[in-house]
Structures are given as C-alpha cells and as structure tokens.
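Look for chain A in each of the two complexes below; its partner is chain B in the first and chain C in the second.
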Partner chain A sequence: MSLSLRWKALAVALLVAAGANAFAQDAPVRIGYAIARTGPWATGAQVSQEPNYIMWADQVNAAGGLNVKGKKRKVELVGYDDRSETETVVRTYEKLMTSDKVDLILPPWGTGANFAVLPLITKHGYPMLAPTATGRKLLQLKSPYFFALLQQPDVMMDALAEYLAARSTKTVAFIHVDELFGLEQASALEASLKEKKIQIVAKKSYPMGVKDLQPVLNEMKSLNPDAFVSLSYPPDTFLVTGQSKAIAFNPKVFYAAVGTAFPVYRDKMGAMVEGVMGLGTWNPKSSPAAKAYFDAHVAKFKKEPDRWASAHAWAGLQILQQAVEKAGVDRKAVRDYIAANEFDTVIGKIRFKGGENISTPGVVSQWQSGEFEVVWPPQRSTSASLYPKPAFK
Partner chain B sequence: MTMSGFRERPSRVTIAALATGVLALAVAPWVLNEFLLSLALTCLMYAGLAVSWAMFSGATNYLSLATAAFFGIGAYVTALGYESLTYPVSVFLGGLAASAFAAIVGVAILHLRGAYFAVLTFGLGELVRHAITFVEKKYSGTVGRVLTETPEAATVYLTVLVVALAAVAVCVAVRSSRFGLALAGIGADEQRAQTLGVNTRLVKIGGFALSAFFAGALGAAMAVRWTYIDPPAVFNPFIGFQTVLIAMVGGAQTVAGPLVASIVFSLLTELLRLQFPYLFLIILGTLLILLVLYLPGGIASLWTRKRAGKRDG
Partner chain C sequence: MGFWLELAASGLITGGIYAVVAMGLNLQYGLMRIMNISHGEFLMVGAYLTWWAQTILQVNPLVFLPVVALMLFVLGLLVYRLCFRPIARTAANAEVVEARSLLVAFGLMFIVQNLAYLVWGADLRGYTFLSDSVEIGGARFGANRLLVFGFALAASLALLAALKFTLFGKAVRAMMQSPTGAQLVGIDTAVLHPAVFGAGIALAGVAGALLSMVYEISPSMGEPYTVTALIVITLGGLGSAGGCLAGGLLLGLVEAFGMHFTSPSLKMLLSYGVFILVLLARPRGLFAR
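Showing the complex of A and B:
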C-alpha cells in the first residue's frame, strides 16, 4: 500500500467517524401537540394524557434518546395549550404542521378535538394515535392516519352485558347524558342487553351539566332493578354516586361510565365507591409492565394514572416509539408500519384494523378496597367481582 | 360621551389606508402560510363580532351577552344545511336565522335594562343549546353532526373577510344614519329619546337583530373548520365574553376601537399562549386590569382624546 493511499484511507475513516458523530448528536425529533391546560377539558387532559407525554419524553431522553432506525435522537416536545377551544385546536395543529414543521404529532384530548384535527392529519399526512377519542362516527371518516386506542362504546357495552348475563341479571335501568358518547353508549347498551335477553325497565336521559338527578334516581329506585347503569360524564358520575347513596338506592350492580376510573373519584367519594363498576382497562396488578408504568407515574407526578385512558395514552406512545424505531420519522412509513403490525404495550398486544384497536377487549372494572379491579372478562380479571354490590357506606 | 364621534367623516388618507388594508387582507391566502392565515382568520372573526356587537350594545348601553347564542345558531345552520345548501348560502342563512331569533327574543326582553338584560341574554345561549340538544336527540337520534368535504382554507378566510367587512361597512353606515342616531339617543337617555319621538322599541329590536346577523353569519362561516359540531362546542360562552371584552377594551362607542382591539387582542392572546404556556392567562388578566384602570375609554380614547386636545388648543 502506498503512503498516499494510506493517507486517503485515514481521511475516509476520519470522515466516517465525523459523520457518525454528527448522527449521534443529530437534531432532536420534534413532536408537537395541543392540549387543554386551561378550560373545561383540562381536568381530563391533565389526568389521562399530557402527564404521559412528559413522562415518556423524559424516559426516552434519559435512555439516550429515541431510537430512529438505529440512531438515537433526543425527543423535543412542542406542546401548546388549546384553551379547550375547537378553533384553537385547529389553528395550533396548523401551526405545528405548517409553521413549526414538527416531525410527529400527538393527539389533543377528547373526541371533539380529535374530530377537528382529522382533516389536517389526513391532508398533511401525520399519523395520530388517540387515547381519549372514541365513537364509531370518528372511524367512519376513514382517515388512514387516525388510530383509536380506546375500546369503542359497543365493545365496552357488550362486555358489560356479558358480565350481567353471567350474573343472571334480569332487569336493568339506565340513564345517559345527551351527548355523542352518552347516546352512542346508550344505543350500544340497548342492543347488547337485547341480545342477552335482559329486560330494560327504565331508560332516561339528561342534559350535559345537570345539577340534580335525584328525581330520576328516585324513579329508578322505585322500579327496583337488578342493575343500574349510568352512562355519564365525570361531574355527573360523581353526582349520581352521591345522590344514589343519599336515597339508599342499592341495586346489585351499580355501574357509572366515565370518571369512575379516575383516582380522584375514589379519593373524593371515599368508602362510597366500594363495589361501584365502570369503564376501565387495567390496574397495577394487570401485568408487571402495568406495575412499572404505575410506579413510574406515581414517582414522577406524585399522583396515580387513571385506570382507563392513561394506560391507553402510554400504549400509544409505546406504539409510536416502536414504529419510529423501524420506520424512522418518515410519517407515511410510520403510518404504514402502525397499520400493518402488532405491538406490545402496557395494556397487552395491540393491532389496528381500519384505525380501530381490535385487540383490547371490552372490560368491566370495579372498585374494591381502594383499587379499580378488572372483573370482566375472566382472562383479564385481577379480582373476582363483588356481587351483589354492598350497600352504600 | 360627546356626539362628535358620530359626525366624523373619514379623510382621503383614511380611505386610501383602508383600501390598501382591505387589498392586503384579500391577498393573504396566497401570501401567508396555513397557520398565519388562520390567525388572520381569528382576528377577522373577532373584528366582525366586536364591531357588530358595539354597533348595538356600544351605542345603546344594552350589554348583550347573546353573541355566543347567535354564533352557535349560525354554526348549527351550517351543521344542518351544509350538505344540501352551498357554503355561501348557509353563511347567509346562518345570519338570517340568528337575526330572526334576535328579533323574536328582542320583543320579549328588550324592555329590560342593565344587569337583568345582561343575565338574560347570557341565558339565551344555554336556552338554545338545550333546545337544539333536545330536538336533535328526539328527531335525529344524535346530537353531534359531522361535516365532510369542507371548503378550502382560502374560501373560509375570504368568506369571513367579506362578512367582517360588511359588518364594518354596515356599522359605519348605521352610525351616520337617523337609525344610528336613534340608537345613540337610547344610549344617552332612553326616556328623552322616546319623548322626542323615537320609536325606541322598534329601533332596539332592529339594532339587536341587525347586530345578530353578523354573529350568526360568522358562526356559520367558521363551523366548517371543526368537522364535528355539537352544542357544547358551538355555544361556547367564551366567544361571547371575548367579544364583549374586545369591544370594551377597544372603546365600544367607536368603530375603529373594537377593530383595532380585535387584532391586538387576538394576536396578543396567541403570542402569550404560545410563548408563555403556563402564565398566559395571568399576564393577560394583568394587562386587562391595567388597561381598564388607565384607559377606561378603551383604546379608541388614545386618538379621540388627542383629537379633542388638538381642537381645544
């Protein structure tokens, strides 16, 4: 080998090393989102969603960065307050996609806000894994970039009806909130109960923001149903629980939909929640992965994640992370990878079909001595159900 | 306030500046990126809302909080009719529906004054929200409506621009008309205006309905941006509060005041929201308090005061 060749080889080696070094300190992967920090949506968003984003970015960065096709790059979150306003949600995602030109996005909180972002993610080609948006209407829009992590209303209501049938429940009385989610759940519940030949003895609805449900609950109590189901939102879920206790309405099954999975429900209502059922997916006993997630969350924020959507939000981040590892930050490739593969997550395996998470089954959870135990389906259960529910304490 | 504000005639320089401004606004869709365009859209929306609000409430001193109701009615007209009507038609009908609603409730509530009127108009938003929820659930089995195939961003922007400009033009025209003088007369002393032969009842209903038209049309125009329309989202009381705030901060007795304030306020809110994500409401609140304390007549008093000073000297 001549001297000049050796020099050339050295120069090439140096260049390669410099290149590798440049990659090692590559620009961060910028991930943008808008979420409610103020306004009425903030309660849900700050329990189930944004804390997960922050914790995930911190964990990934502490581990040296996000694995982008084998290269480690730091994560930089670009998060804005959407003030619980649809127009601001739209404007902020326009900013993220066209002005900030972020590499990837994370979803806003709630079904309405996700609807509003849908045309933008489709137009600009940003995959979005949504942990707090549910409803067949969203999926019917068929955005190829939209992935819903939560169980759909019909899936959840099927699970409830199966549980009730397994307990040979004969009669159900239910109330629901007049809002997309409440109505969709109500019609799903009716269909599921009919299929199981369980009689609906009463069905009532109430408007959003209701302040008193006692007359309705009195009527339900007078019918003495085996099970009472309240397809309600957080403020009403608290209201229904408190007022049912006040009138000593003690059916064998007491189910309230959204909000029961929040730790604040247990903390605020106290002993009253014992035996109350609701929408949930998991708890720290579900798996070692769930336990690790729970512990990390408590250590970081000094507050517990909720037992439904929080873990779905975490699962969405895990899916994104795995997809980026294989497909890089080419958003089309990330989308295709998410659509075509199965992922290991904190709530078990997840696979999407038509944007719907078809792996996570409908779950019924129940408060038992301070934990929201999964009591249905049997293969996901962390505890046997308390049946009949003990009277309100 | 003095009546001098109503007799001002714009100078040639003002007209030239206005024409340039309108031209600049009209070409925005081809110059600005998507985000800046929607920021401009927000400014225009609040400009239209605040100017039309001031046209009635500023002149008559009837503090209306019904803007959210009118805006929501317009939005719902789009939600219901967009598939069968074209976009401009739904915008126009949205305005008409809000106007008709304002005229009907105006007959019932415009004899109230002060806090009673304010509280009642605030209740209108809730009333319409629950009424729509009830009707929708009863007859269509759902409460939310999904809009697909929505118009381009440029189309929405230009439509909102046209509505906002129309609001400004109508407001300017009204102020120099007998109708406008009657509205101002009601604001100064309703009893006196009545004694002097003004049909205050009719004038108030007319003014209320006219100002509602623009709020309704703007609601109808903006609704297509949200894909999913349900009552809690479109009957957002925040929109009503913000409109009143902007008009007050700008100077509700003028046209230029609310106009300037809507731009300043929208841009400032956005800047603070993006730059100080956790502090923006505190900063915004402090700024508003300072403004009210040191500029009680609104931003408009900056130039009306100066002009008055010149005249005196």
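Showing the complex of A and C:
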C-alpha cells in the first residue's frame, strides 16, 4: 500500500466515523410549556418568564447542547400560548405530557396557573420549578414534584416588618387586592407586624381592575401613618403610586408589592419612583453572575429583566440544567436530585425543603436613582436605604 | 373644600373617564345599532399610537390628539368598508344589524388585539404626563385626570349640540330613524353612515390617547373598557350624548361614595346594583329618547 493510499484510507475512515458520529448524536431533549403570550397574564409572563426560557435554550444550544449525564443533547422548546386561560393551561400540559410526551416541562406563569397544573405534574411525575408562584396553599398540597423558587409571603412580609422595626416604625396603614395573592400577603403582613408590635392603623381591601383609589388613599393620609403598604398587582401598583403623588401622601416608608420590580414601573412613573419600596430579590450589583445575566438579557431582548421573579426563573433553569447533568432525563431521578441537593444559581445558593426554597431570604428593595436597590437584609444589601422616603416628585 | 366635596370631585373625575370611554361606542351602538364589541381594541390602538409618538418622536400627547383622531377615523372608514358595510346593506332591520355586527366585531377584536401583540409585544408600557397635582380649594387631583374630565365634559356637550342644533345632526338622527326616508329627502347615507362609524372609532382612539396619560397600557387593556362602555351607554340611554355623560358620572359617584361607606371590594356590586336599579325604574336608560 502506497503512502498516499494509506492517507486516503485514513481520510475515508475518519469521514465515515464523523458521519456515524453525526448520526449517532442523540435526539434533542424536548422541553414543553404553556405560557401567556396574549391576554392579561402576558404582561407578567413576557417580562419575568418566557424570555428566560428562550435565552436559556439558545445559550445551551450555542454551547453544544444540554449535558445529559455527560452526553451533549440539543434542547428543543415546545411552547404554547395559554391565552391567559386556566383551562387552556391544564389542557396544554395534559397534551404535552400524554400526547407530545416531552422529556421535561417548564412552569406556566402565575400562582393560579401553577396551582391548576399541580395535579397533573404529580400524576405524570414531571418535576416543575416555579418562579412566579407563591403561597403556602400551593406547598400545602405537598406535591413531591413541585418546587417554589420565589420567597413565600410570610418570608417577604417578615423581612418588611424587620426593616420597619429597625427604623422604629410605630404605625402602618395598608391596602390589599381582594384575591388569593393579596389575601395571603395581607394575613402574613398582619402576623409579622403583630410580632414586631407595630400598630396597624388602617386596613382596606379593593377589587382587581380598580380605576380610582383616591378616596381610600385620602383616608389613609388623614391617619398619618409612618408606613404605607400596598399589597397590590401591577395595574394598581401604578395607580396607587400616581394617586399618592397627586394627593401628596408622603409617609416615611412607601411600599407596593408586585410590579415595583418591573423596569416599566420606573420608565412609566419616572421621578415618582424614587424611594418607593417593594418585592425584589436582586439587581445587577448583587453579584458578577447577576450582572452577567442582566447584560445577556439586555443584549438579547433589548429590555431589562425585572428585579424579582426574572432571576428566579433563570435560577430555576440553572437548577434544572445541573440536575439533568447528574440525573439525566429520568424525571423521577431529576426530581430526587433537585429535592436532595444544593444548587449554585444567579440569586445565590438554593436548597429546597418540602418544595420550598429555604435559602433565599426575604428581601426589601427600593428604587434609588434608577436602580431597584436591595436594602434589606443587610447581608444582601446593594445600597443603604433612603429613609425617610423623599416626598413624591 | 370639605371632605365630602373632595370625595364627590374624585367620583366625578373617574366618572368623566368612564364617559370618555363610552362616547365612541355610543355613536356606533347607540345611534347606528352596530354592536362594536371591539370598541376597547380601538381604544387600545389609540393609546399605543400616543405612547409611540411620545416615546419615539417625543411628541406632546396633547398635540398628538388630533393626529390620533384623524388616523383612527381613516382606520374606522376602512373597517367599515371591509366589515360593516355589507351588514348595513343587507340587513333587513336594526335587530339584524345588531346581531350580525356583534359576530363580526367579535372576530375583529381578536384580530386587532393580536396585531397589537405582534407590533408592540405583551409588555406593559407607559409614560408620565401631567402627573403633577392641581389644587382646587384645598383638595388635590392629578392634572392628567382633570384633563380627561374636562375633555369628557366638552366633548359630550359638543356632541349634544351638534346632534341637536346642526343640519348635520339632524341628518344623522334622520338616518337612524329611517334610512330609506332619509335617502328620500336627499341625505347621502352612503357617506354619512361610514362617517359616523369612523367618528365612533376616532372617539375611541382619542379616549385611548387620554387614558394612556393616566394609566399604563397593554394589548389586553381593551376588553374591560368595552364592558364599562356598554354599562355607561345602557345606563344613560342608548344614543343620548347627555345620557352617556350622566351615566358615567353617576357610576363614578356611586363608586367613590360606596368605597368610602362600605369596602372598595364591593365596587362591582355597587356599580351593578345601580345599573339594575336604574334599568328597573327606566328600562330604556336615564335619558332615553
């Protein structure tokens, strides 16, 4: 055999091997989900959740695929629009699990939708890491497959009460939205304040979709509380802020629950947000990992992630990725691995106990010159708190 | 100003917002029996156009108001041509127009909403405009809300006057009473019908532009406004410009006082309670003709 022939043979052998290798590459890991792209939930889902799914799949695939027990497999997302309808959520997940037979699932948006699919994930054995579901009621269902990434209401309200106590707050007035989320937050807040011996001078509920809260706010203002807390959803959070400014209601602490962490809150309300506090977890200053996540998100979508649930969604994907690396796509094994281990994520270490994230502490954040700074607890702070809050500008 | 006056003023201002939301639909459904259930969607389009102009072109939303009106008017003519002209032409009577237009508008609602998702995405949007407060006799109100209230008053009165005192208004009313009769006396219904429909869409767009100064916006914002509009025009009496204003103000007042005396959570109960009471007493609305 001449030298050149030998080289040719080798080249052919290599080509064949390469071709065989290409064919032997495993089928993609199919990950299914339903999420709101239209309807009222879309405003939350398209800020905090689905962009993370897309960015994660792109990043994983760009790096050669998902590491499944040492073998790289591409990720294929199977996403459907749930049109903000609970029935559609349930029907879609049923289809994903029984007819599409996806390998893994990602959660839908919001406490209600997660609540609705809980029986399905338990029945079919799909682990689900939920970044936008909160409430002890969910955890009380004790689904072994459900993992809540977000801090529970009592954890968040305890943190707020601790902050208020540290500032020697005597009186608090609060309003809450008359819905599962608001009710649970309200009772958690009441319990936390009672424990810190802070007096509640007024408490009122209001319905979803309210267009005017000025009469209620006037009443709160007349009581002159040290702190005002609004356990509200995004549309009402905007409303409460705007109308409090209009009537010059300037308590020393002004706290509004959901929506304050959204970049659009700052963009829409402008200078008004300075000193407003709310539910948050992180910001780009929290850690280098948080900064990297923030920058990648802005580069990909030309919009900022929110300062609360977005990073929890990303953390959930990181946990799933680490679990699959060790346990493969055997869903029971993935579930057991998630339940038993601690994970490194964009918001720090996370460990679950009874489905609850017991590592991420309750956090109080505050808008200061365009950033939602973490101001409580001290070990997570990115800035000292502005106290008392400057009057609305 | 006393506490009660302040409460009343707050209710009136919110009521004014309700009236603005209802005006466009009042023209379409109240006068023409076109059940445009996609009313809120055109309101949303008006809001988005204003937001666009404000954030991208830095145009003052007030200056942009006539532009929105004109753009939506043209859009209204187009929609009429494509969707409602065939109905208006082939329907035997007003009831048939009502039923068929409801179906068509229902489809239109999905199309417009999904187009908005495609163009603007699902994110909440908004900008700050006239958020400072105005002090009136010791009470303070958001300037943007006062502006909407002022517009509601002015536009309602102008509409009332136009329908009552001008030849154009007479022609419109004649056309509503009897399309054939109107044609016989020389009214060009082929022009007037689309024009009134277009004016309804334009008013929806203007309402959306005004609301975008007060509230944040999203593609799904329209539907609740359609419901509000239907309640207001039914309460006030279909087709009555004065009734539309009165209906809106009444709802606003009931909510403000109701929220004070009971709980804000009972808002819906109170609004629908008043709605039912009024309809029991005057089945055709407050200002039925």
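One rule holds in what follows: the second predicted complex is superposed on the first by the 370 of 393 C-alpha atoms of A that agree within 3 Å, B and C clash if a C-alpha of one lies under 4 Å from a C-alpha of the other, contacts with A are read in each partner's own complex, and residues count from 1 in each chain.
One rule holds for everything that comes next: a residue touches a chain if its C-beta (ideal position, glycine included) is under 8 Å from a C-beta of that chain, and two chains touch if they have at least 3 such contacts.
A quick note: this is a predicted structure, and the numbers were derived from the prediction, not measured.
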* To do: Once the structures are superposed on A, label A:Ala246 by its partner contacts, choosing first (chain B), second (chain C), both or neither.
  => second
* Structure fact -> Winner on chain A touched-residue count between chain B and chain C: chain C
* To do: Give one of first, second, both or neither to describe whether A:Pro207 is in contact with chain B, with chain C, with both, or with none.
  => both
* Using the superposition on chain A described above, determine whether A:Gln46 touches chain B (first), chain C (second), both, or neither. => second
* State whether A:Arg37 touches chain B only (first), chain C only (second), both chains, or neither. => both
* Touching A:Leu223 in the superposition: chain B (first), chain C (second), both, neither? -> neither
* Regarding the shared-chain residue A:Asp178, is it in contact with chain B (first), chain C (second), both, or neither? -> both
* Asked: Regarding the shared-chain residue A:Lys303, is it in contact with chain B (first), chain C (second), both, or neither?
  -> second
* To do: Name the contact category of A:Ala391: first (chain B only), second (chain C only), both, or neither.
  => neither
* Same chain A residues contacting chain B and chain C, which ones? -> 37-39, 178, 205, 207
* Asked: Once bound in the complex, which stretches of chain A touch chain B?
  -> 37-39, 79-81, 83, 85-88, 90-91, 94-95, 97-99, 111-112, 115-116, 118-119, 137, 140-141, 178-180, 183, 187, 205, 207-208
* To do: Please name which positions on chain A make contact with chain C in the complex.
  => 36-40, 42-43, 45-47, 84, 175, 178, 204-207, 209-216, 218-219, 234-235, 238-239, 242-243, 245-248, 262, 264, 267-270, 272, 303
* Structure fact -> In the complex, chain B touches chain A at residues 33-36, 38-39, 42, 130, 133-134, 137, 141-144, 146, 148, 150, 222, 225-228, 230-233, 236, 238, 273-274, 277-278, 280-281
* To do: Please give the residue numbers of chain C that touch chain A in the complex, ascending.
  => 3, 6-7, 10-11, 13-14, 17, 113-114, 117, 121-128, 131, 133, 140-142, 145, 214-216, 218-220, 224, 252, 255-256, 259-260, 263-265, 267-268
